[in-house]
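Remarks on the structure that follows.
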Amino acid sequence: MSQTDQNTGLTSKRIESLADGIFAIAMTLLVLDLQLDGPVGNIILSQFLANQWQRFLNYLLSFFLLAIFWILHHQQFHVIKRTDRRHLWINVLMLMFVALIPFSASVVGDFFGQTLAHWVFDLNLFVVGLLFYFNWAYATNQYRLVEKDLSIDLIARGKKRALVLPIVTCLAFVLSFYIPPWSGLAYLLIPVIFAKLKA
Amino acid sequence: MSQTDQNTGLTSKRIESLADGIFAIAMTLLVLDLQLDGPVGNIILSQFLANQWQRFLNYLLSFFLLAIFWILHHQQFHVIKRTDRRHLWINVLMLMFVALIPFSASVVGDFFGQTLAHWVFDLNLFVVGLLFYFNWAYATNQYRLVEKDLSIDLIARGKKRALVLPIVTCLAFVLSFYIPPWSGLAYLLIPVIFAKLKA
Amino acid sequence: MSQTDQNTGLTSKRIESLADGIFAIAMTLLVLDLQLDGPVGNIILSQFLANQWQRFLNYLLSFFLLAIFWILHHQQFHVIKRTDRRHLWINVLMLMFVALIPFSASVVGDFFGQTLAHWVFDLNLFVVGLLFYFNWAYATNQYRLVEKDLSIDLIARGKKRALVLPIVTCLAFVLSFYIPPWSGLAYLLIPVIFAKLKA
Amino acid sequence: MSQTDQNTGLTSKRIESLADGIFAIAMTLLVLDLQLDGPVGNIILSQFLANQWQRFLNYLLSFFLLAIFWILHHQQFHVIKRTDRRHLWINVLMLMFVALIPFSASVVGDFFGQTLAHWVFDLNLFVVGLLFYFNWAYATNQYRLVEKDLSIDLIARGKKRALVLPIVTCLAFVLSFYIPPWSGLAYLLIPVIFAKLKA
C-alpha cells in the first residue's frame, strides 16, 4: 500500500514507524520529570507527594496531548501513501518538536504558574500543531501524496482538524497571561471540538 | 485480521504497537532507579550494593508486574479485532498509568517500608488493573470489538483474569498497613491464581 | 510461521519484538553513564574526557556484549516457532537481566578496577548467558517448540554456542581477582570461540 | 525480499529494525541534555532559558544529523538485501557510535565554544560517517549483498553520498580551530551538497 520514494528509498510506512518510536519514548520520558533527583536526604514523603501534585497533572496533560498528536499522525498517514524529500523533512521537523515536549513539560513542572514557563510549553505545541497542518496540506495539495479518489470533503475536514491544535494553543497562550496555572485547561477543549467536528 | 476504525484511521494493531513500545521502555527505565545519581565521592561499593538490595527486589517485582500486564495486554488484543474512539481512550489512559510505574517503583525504592510509598505503588497498579478490566469489558460487551463467535466462557474467563490484579492490589494495600516492607509479596499470588483459573 | 500459544495468545514473534525493544533501549541507555551529571562548575573538559576513558571502553564492551546477546537471541528464535507459558517466563527473566546490564555497566564505570564491581557485571552476564542456555535447551528438548525436522547437530551446536557466554564469564570472574581492570578483556574471546565453533 | 543469513539467522530487515529503535531513542534522549538537572533552587526561568539557547540549537543540529543518518541508513538498506557476519558487525559498530551521539552532543552543550568539545562531536560523526561508507562499500563490492542487476551508477552515487558526511566533518573539525562556536554550521552544507549530487 505504502510506496517507496525513489530518491530516499523511504516509504510513508517507515516514517510512521520512526514516529511511533519517538512518540512512545517521549510519552515514557515524561515520567522522569516526576522522579526525585538527587538523594532522599531528609525529604518527607507526604510533603514530596504534595509538591508533585502539579507535576502529576502536568504529566497527565502532556501524555494526553502526545496521544492526540499520535492519533492525528496515524489519521493523516492513513491516507498519505507516498512520501518525498520535502514531506520527509516536514516530518523530521515535526518529530524534533514532538521529542522536545518532555523538555517543555519539565519547564512547566519546574516553574509552574510562571507565565513564561507556560509560554514555552504552548509555543512547543503550537509549532507541532502547525507542522501537522503543513504535513496534511502539503500531502493533499493537488493529491501530491494521496490517492486521486480521496474526497475533497475528507481533505477539508483533515485541515480543520489539524487547525484545532494551533488555535487552542493560542487560547492557552492568552490565558497564561492572566491565569498561568490554569491555562493548560484550554487543551481540554480539543476533544470537545473534535467531537463537534464529527457531528 | 485487525480492522481500521473509520474515525481515527487506527487499528487495534497500532495500539498494540504503541503499547509494546511503552512497555519495553517502562521496563528498561526501571533500571535507572538502581543507578547511583551524583558523583561517587566517598561511597564504598559494598555498602552501596547492600543498600541497593531492596531496590533490586523492587526492580524484579516491578519488571515482573509489567511483564504480566504486557502478557495480559496481548491476551486481550488477541481477540480484540477492532477499536473505536472510546476504546482508544481507555487504552491511552491505561498506557498513561503503565508509563507511570517506573515513578511509583522509584517512590517505593526511595522510601522503602513507609506505608504511604507502598500505597502509591499499589494505587498505580490498581488503576492499571481496573483499566485492563474496562478494556476487556468494553470490547466484549455485546461483541462490540470482537468476533461474534467468541465463546461466552472465554469472555467470562477474561473478566475473571482481569479482576485478579485489582483484587491482589487491594490485598497488598491492606498488608502495607501492617507489614509495609513485605506487602509487595502479595503480588506473587498472581501467577498462583492464574494457574488455578486455568485448571 | 510463528504460532500462537493458546493460553497466552502470544507468539514467539511477539517475544522477539519485546526483546528487540529492550535490547535497543538498553544499548542506548548505556550512554547515559558517560554523561556528566550535575552542573559543569569548574570542570576542565580535557580532564573530564581523560577520566571518561575507562567508561568509554566500558561502553564499547557493554554495547558489544548486548549486540552478541541480541544476535544470539535472533539465532535461537530463528528456529523457535512456538512458545508456551514456561518458555515465556524464561524469556521475561532473561529480559529482566538484559535490562539490568546498563546498571551493572554503570557500577563498573563508577568503581572501575574494584574486584567487587567487576563481579556485579560478570554475575549479571552469567545469569543472562545461563538463561539463554535454558531458553535453547527448553525449546529444543524433545522438539518442544521447534520443528521436528531440526537436525540434532544444529541443536547440539546451539547448546555449545549458548555455553560459551557463561564459561567466558567464569573466566572474567576469576581474572577480576587478580587483574580487575583487565578482566573485561576475557569477553573478547567470545568472537574467537564463535569463529572456532563454526570451523 | 530480505534474505536470512545462514550463520546468524539474521536478515537485513532485523538490522534495520534494531537501527530504527536506536535512532528513535538517541533522537529522543537528546532532549535530556536540555533539562534542568538538580533542584530548581533560586534559578530564574528567563535566565535559564537564555542559557539554554545554545543547547537548543545544538539539539536541533544533532537531531537533524541523526535524521540524515537515519535516511541514509534506509537508502542503503533499500538495496542491501542480505547480510553476513562482517556486515553485521560493521552495523553494530555503526550503531555503537550512533548511540554515542547524545553523549557527544552533551559535551558540546556543557562546554560550548571550546575547540576540544567540538572535536569530540566531530570525531563521533566522522566515525559514524566512515562506517556508513564501509557499510555501502562492503555490501556493494562485487555485488556481495545486493542484487546483481544494481546499476554501477547507483553504486557510485551511493559511495559519493556516503563520503559527504566524513568530508563535511573534516571541514567542521578545521573550523573549530578558528571559530569553535560556529563550526557546527558546516553541517548545514550537507543538504546543499546532497541536492547538488542529485542534479
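The letters A, B, C and D name the chains in turn, as written, and every chain counts its residues from 1.
Simple rule for what comes next: a contact is a pair of C-beta atoms (placed from the backbone, for glycine too) under 8 Å apart; a residue touches a chain by one contact, two chains touch by 3 or more.
Please read these numbers as outputs of a predicted model, since none were measured by experiment.
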Listing by label each chain that touches chain B and chain C gives none
Mind checking the rotation angle between the two copies, chain A and chain B? C-alpha superposition, nearest 5 degrees is fine. 90
Please tell me whether the contact surfaces of chain A and chain D are same or different in residue numbering, using the over-half criterion. different
I'd like the Å distance between the centres of chain A and chain D, where a centre is the mean of that chain's Cα atoms. 25
On a C-alpha centroid basis, what's the spacing between chain B and chain D, in Å? 36
Expected list for chain C, residues touching two or more other chains, is 21, 25, 32, 37-38
Chain touch graph shape: choose line, ring, star, complete or other and state it. ring
Which bits of chain C are touching chain B when the two form their complex? 4, 7-10, 14, 17-18, 21-22, 25-26, 29, 32-33, 37-38, 88, 92, 95-96, 99-100, 102-103, 106-107, 110-111, 114, 116-117, 120
Chain B residues touching chain C - in the complex, by the definition given at the top: 20-21, 23-25, 27-28, 30-32, 34-40, 45-46, 49, 59-60, 63-64, 67, 70-71, 74-75, 77-79, 198
